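Common to both upcoming complexes is chain A, partnered first by chain B, then by chain C.
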Partner chain A sequence: MIKKNDHKKAWITMVIAVAVLALVGLLDNLPSTIVPSMLLTVLQKGAIYALVAVSMNLLNGFTGLFSLGQAGFMLLGAYTYAVLTVPVERQASVYQRYKGGGLGFSVTQSLGNSMGQFGLLLGVVACLILAGCVAGLFAWLIGLPVLKLKSDYLAIATLGFAEIIRAVVMYEKLGPVTNGSNLLYGFTSFTDFHLGSLKLTTVMPFLFAGLCILVVVLLINSTYGRAFKAIRDDEVAAEAMGINLAKHKRMSFIISSFFAGISGALLAMFQASVQASAFKAAMTYEILLIVVIGGIGSITGSVIAAFLFVGCSEWWLRFLDNETILGNFGVKVKFAVVFGAVIAAVVAFGMLRMKRKGKKLLTHAVQGQPAVNWRAVLGLAVAAIALVWDIWFVISPNLKLPLLRQGFRMVVFSVVIMIVVLFFREGIMGDREFWDMGRRKRAAAKKAGASE
Partner chain B sequence: MLKIDNLKVSYGGIHALRGISMEVPDGKIVTLIGANGAGKSTTLRTITGLVKADSGSIKWNGNELIGKNIDRIISEGIALSPEGRRVFPDMTVLENLRIGAYLRRDKEEIEKDLDSVYRLFPRLKERSWQLAGTLSGGEQQMLAVGRALMSRPKLMMMDEPSLGLAPLVVQDIFKIIQEINRQGVTILLIEQNANMALKIADLAYVLETGNITLSGTGAELLANEKVKEAYLGKRKD
Partner chain C sequence: MFDKILPYLLAGISVGGQYALISIGYTMVYGILRLINFAHGDIFTVAGFAMVYAAATLPLSVSIPLTIVLTVILGVLVEKVAYRPLRSAPRMSVMISAIGMSYLLQNSMWYLTGGLAKQYPVLPWVSDRVNVAGTTTSRVTIITPFLTLLLVAGLVLLIKRTKIGMAMRAASRDFETAQLMGIKINNVISFTFVVGSLLAAVGSMLYFSNYATVTPTVGAMPGLKAFVAAVFGGIGSVPGAVVGGFIIGICESLIKGAGLTTFSDAFTFALLIVILAVKPTGLFGENLTEKV
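Right after this comes the complex of A and B.
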């Protein structure tokens, strides 16, 4: 019976995957008047960030190893891929500061020339796997000493390692291979893929990231995945079950880094250029943000949060970084009315929820002091201040929107993560998955039926 | 048969076991009683290989266990149900049980054992999709015992299975221990609840500050004046 169920699951997964790929392919080929190019950018980068978030979740959420080296492994993957695939005739201009730099061959170019699109795909897959392997190899090396550390010490050590990798790649003497601190560009990117006249620019990252995420999901549901979770929950008990701690931690670290390496290579393909200075700790921070918002220990959560985060940071919340001066007094009044309405709506929603839960602002105690519901009072105070400011803004003569300027977007993200950590520690999905929500519901229904 | 000979263990200079010798014959229930810090848990942890011994020997059916890795020791048929239950709280009941069979590769036999654990603890079957952390204390203890059984042990070691449980639940647990023993599993039991433990034990040892001071059948020790004074709560007159 279990076997039959598994077959059904595999079919459903396949149908969904094909449907998603077809939809993405359709978006790719619709004219840009219908599909904004920003949407495609978000989809591409979102898929890549989903993969790297899943790889971090495998380590942090499923094995309980708090590591912050993701950007370093992505860097290794990105550079491995880029160095291997810069076309021969462009190597002179790419490596112009280093005479005779470059490898003198390009994997994707030679395969692409001899076998067309299929050769190109083969070359890219080979280079992606190599990129993952290089990251995995370094993970094995660094893991030998570092995995003996626990929790926050491990985080510090891996963070330091990522910084070292970045410095080494930018080292002048390695210039003939890595191009030092200069850009690598011209290598095979997503735009090189097409089926006849059909563009596959967005389909490719979905395909690659989707396959990798599928592998991680299968791993987590295997015996090894259970062993990882056991280590996360209780190291001593896991050891008493016969689980070799050192071996499994190393395995999880290497696999996580392998996929981080692949996602780094995909990011390089997406950007069509790569520079070591971009892979800073800030990048790891972004990924950590995705993992926490999505829910530590949920693959589904990481994927959803990745698209949400990339959408916000690249598209919907871009305006936070631009200084905005309103056109005239009328626009200002409209803005203030909308702002006030949003605040009022939030307050009304909050009040309604409190009423439904039977909570009050002030609870009169039978004896002793009355209890104040501080969270609600604080919320009301913030709303009141916002409304007063709103009125003041309409009266005041200036037309420039306050706060909006370079870097404000990151402030908003940081506030969001603080709110998540303080009030919604579970994130979007907690540690649940999309596919076992139905199962738990069914189990609950069965139980309810049995007790009747 | 497990035979321990002159086993010495120390934690950074502090002697936890000062040369104990004991035997656990096949098919029996053997209990180890003693005060806190006497070295009971250390004995079990050393047998499984979680703690390294200084000297002495632990022979399992004639094979030396000291120096072997934990996974080797467990796959030779020794299981530990650790103190304080230590179930994996964020994993489901089913996942917890499957982890117990982690070192086994015989899939069909694992399914059979899963069924027999569910027969022994019907409550666990009802809750197989529930997270282990949401179970009650008694259910968690059942899960810990079931998890240890999933490795299909010949010798099952239990570290204070009655810890923090209500008297009625403790009785259930002891009944189950006897039931498991009837199915042919040798039991090495550590207990603070000396009265209950001695009643079901075929053989018992008293451990005091790293030394075995008394041994005998369960009934003998139950009748022993010293044991009564120190562990069964009889007042000196």
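Right after this comes the complex of A and C.
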């Protein structure tokens, strides 16, 4: 039964979606003096990562199956898409190591030639769905033996499976199709889409990823979704309630892989080239960390975290990778003041915590020697050294900012991730969703009103 | 025929011994904490880098023990920072923490070393070429299996005959009860990491003597394979890990010899999936019933 409320919700969702797409389309077409090209890159890649994070969350967060095979399914999707869409005339140069390689046809090209932009879109959609289906098919195959395994065995088996896929794709004998360990390029990418003279480079990934995420959201709110959550919370109880464990686990695994395959294809489109060696276990780890940062079991969280993650790694933290010399005295003082303030704040916070816990730097033991709180002393010593460095930094000329060097960005990044993993295990959203925050508040208010 | 197989067989036994040394670290930690220590492979790589930098300035007689000590300290530190705060958290959280730690170690190594491959120092005598039954190979190939077996024998004695070994066995049998019996569980876990890291350091010396260069991500693959070896042998069992390590090393080397290098990694993981599907407890694993 469709409630009146559902109609309203559908309308609101549609309006928001159209507004977002229009905004992105606007950004796409503004001159590069106003919109930095980095922003567009982050938006495109962020949308794709959002989709793959959501697909992983469906499995890990909503069904409780800890799988680490995402990179493998993305690889399958990316290659399926790329192989099907490399234009005929470029196949000779792309497959130059394998004479006569390539399929001899290109889905998007033949449809694009006969029907223009619409045909191109049709071809891309068909290839994306096919990419998802190939990933889903392999998920079904691998799921037969693997889904019986428990938590960490499942993780390591799926991780291993992803490695096997990578090895097979890079196999020399498959070269005429997959181009072995060489790059595949030249296929249809986001830049090929335009409406008249309007560019649609960023709109397309938003459209595709958004549609897929919408499907996942609808799935999670359906009976199947509730069954998944029941399995996650308690397998035994779920089985007792009549949920077919094997069927639902398999279903979740296949659907998750289907969308991972599509996101792999989208990633290939974004990069305009694809190589099997990029889809390593490290990629899966990154996606897992996005899911964790966003909150395991929250679609909204995964989407937000994906954009944050991509933004940080591609754009906002870039400055950490450059060696920087602050010559200007004013800038230097500003930096030193901020740095000093941060240290002071940390020390003050530590002192406050100690006071609240009733600890002192030097406690007089009831009998005998006074006991020194070594941890606090060590902390103070480090803070003092940092302050001395801070002052020295201001007076010495042209001192290079320490630590900033190629690779520092990733160190800072992984430290932040570890802090989230250790101290903020809920992530950004916990298991809440954007759309039920208002509802929960209202429910809480109602409850409070009733109890009064 | 035998002449052709022999070099691969020797290489396989050698690399198998190295996997065995790494996989002991996995199997012992898993036995007690029920945790796949994803950072173990990276600790193995850190040992490689430590050796590169130590040997650049210090004589080998100092740099070898120094490397081992540094690796052990790192191993214990990782446990303290990343796993101890999550002792009562769900297993998935700890595993995510382990993955995060592996990510952190890899990125830190990349930053500190500049991401370039470093030449591993040549260990005299160990790296010399010798002639075995008509094929030349480096001496490390011959030493590895014996050294591995020696270390494992020592470890088994330690586990079976000493008090700390008994505590480890108790902790792996039942965590909470062991604690109730007065075993200081944190010390036992730290000690497990000490042993695991020590063997990883020795394994890294043998491994890199054969492969000559160290890069920040080089440890990921041997790490995963060593874990497969641990599962194959039956997780939690030290002799199982050793047997698993040798079997995987030899098979892999023979597959390479047959000209199917691409599939040598794939074989290992296929083996994992098969063994998990057929006999999840591995060759020597105990039949543990999963607690609900």
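Rule of thumb we're sticking to: the second predicted complex is superposed on the first by the 381 of 452 C-alpha atoms of A that agree within 3 Å, B and C clash if a C-alpha of one lies under 4 Å from a C-alpha of the other, contacts with A are read in each partner's own complex, and residues count from 1 in each chain.
Following the convention adopted for this analysis, contacts are C-beta pairs under 8 Å (C-beta built on N, C-alpha and C of every residue); 3 or more make two chains touch, one makes a residue touch a chain.
Predicted model, so just to flag it, every value in this text is computed and none were measured.
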| item | value |
| --- | --- |
| First (chain B), second (chain C), both or neither touched by A:Ala281 | second |
| Contacts of A:Gly77 with chain B and chain C, given as first, second, both or neither | neither |
| Chain B versus chain C as contact partner of A:Asp431, first or second or both or neither | first |
| Greater residue coverage of chain A in the superposed arrangement, chain B or chain C | C |
| First, second, both or neither for A:Asn244, with chain B first and chain C second | first |
| Touching partner for A:Val411 - first (chain B), second (chain C), both, neither | second |
| Which of chain B and chain C A:Val168 touches, first, second, both or neither | second |
| Chain B versus chain C as contact partner of A:Val236, first or second or both or neither | both |
| Shared chain A contacts, counted only where both chain B and chain C touch the same residue | 236 |
| Sites on chain C touched by chain A in the complex | 34-36, 81-82, 85-86, 89, 91-93, 95-97, 99-104, 106-108, 110-111, 114-115, 217, 220, 224, 227-228, 231, 262-263, 265-266, 268-270, 272-273, 276-277, 280, 290, 292 |
| Complex contact set, residues of chain B against chain A | 48, 50, 69-71, 74-75, 80, 82, 86-91, 95, 98-100, 102-103, 126, 129, 147, 151 |
| Residues of chain A that touch chain B when the two form their complex | 223, 226-227, 229-230, 232-234, 236-244, 297, 431, 439-440, 443, 447 |
| Chain C-facing residues of chain A, complex | 60, 66, 142, 145-146, 148-153, 155-157, 159-161, 163-164, 167-168, 170-172, 236, 280-282, 285-286, 288-289, 292, 296, 405-408, 410-411, 413-415, 417-418, 421-422, 425 |
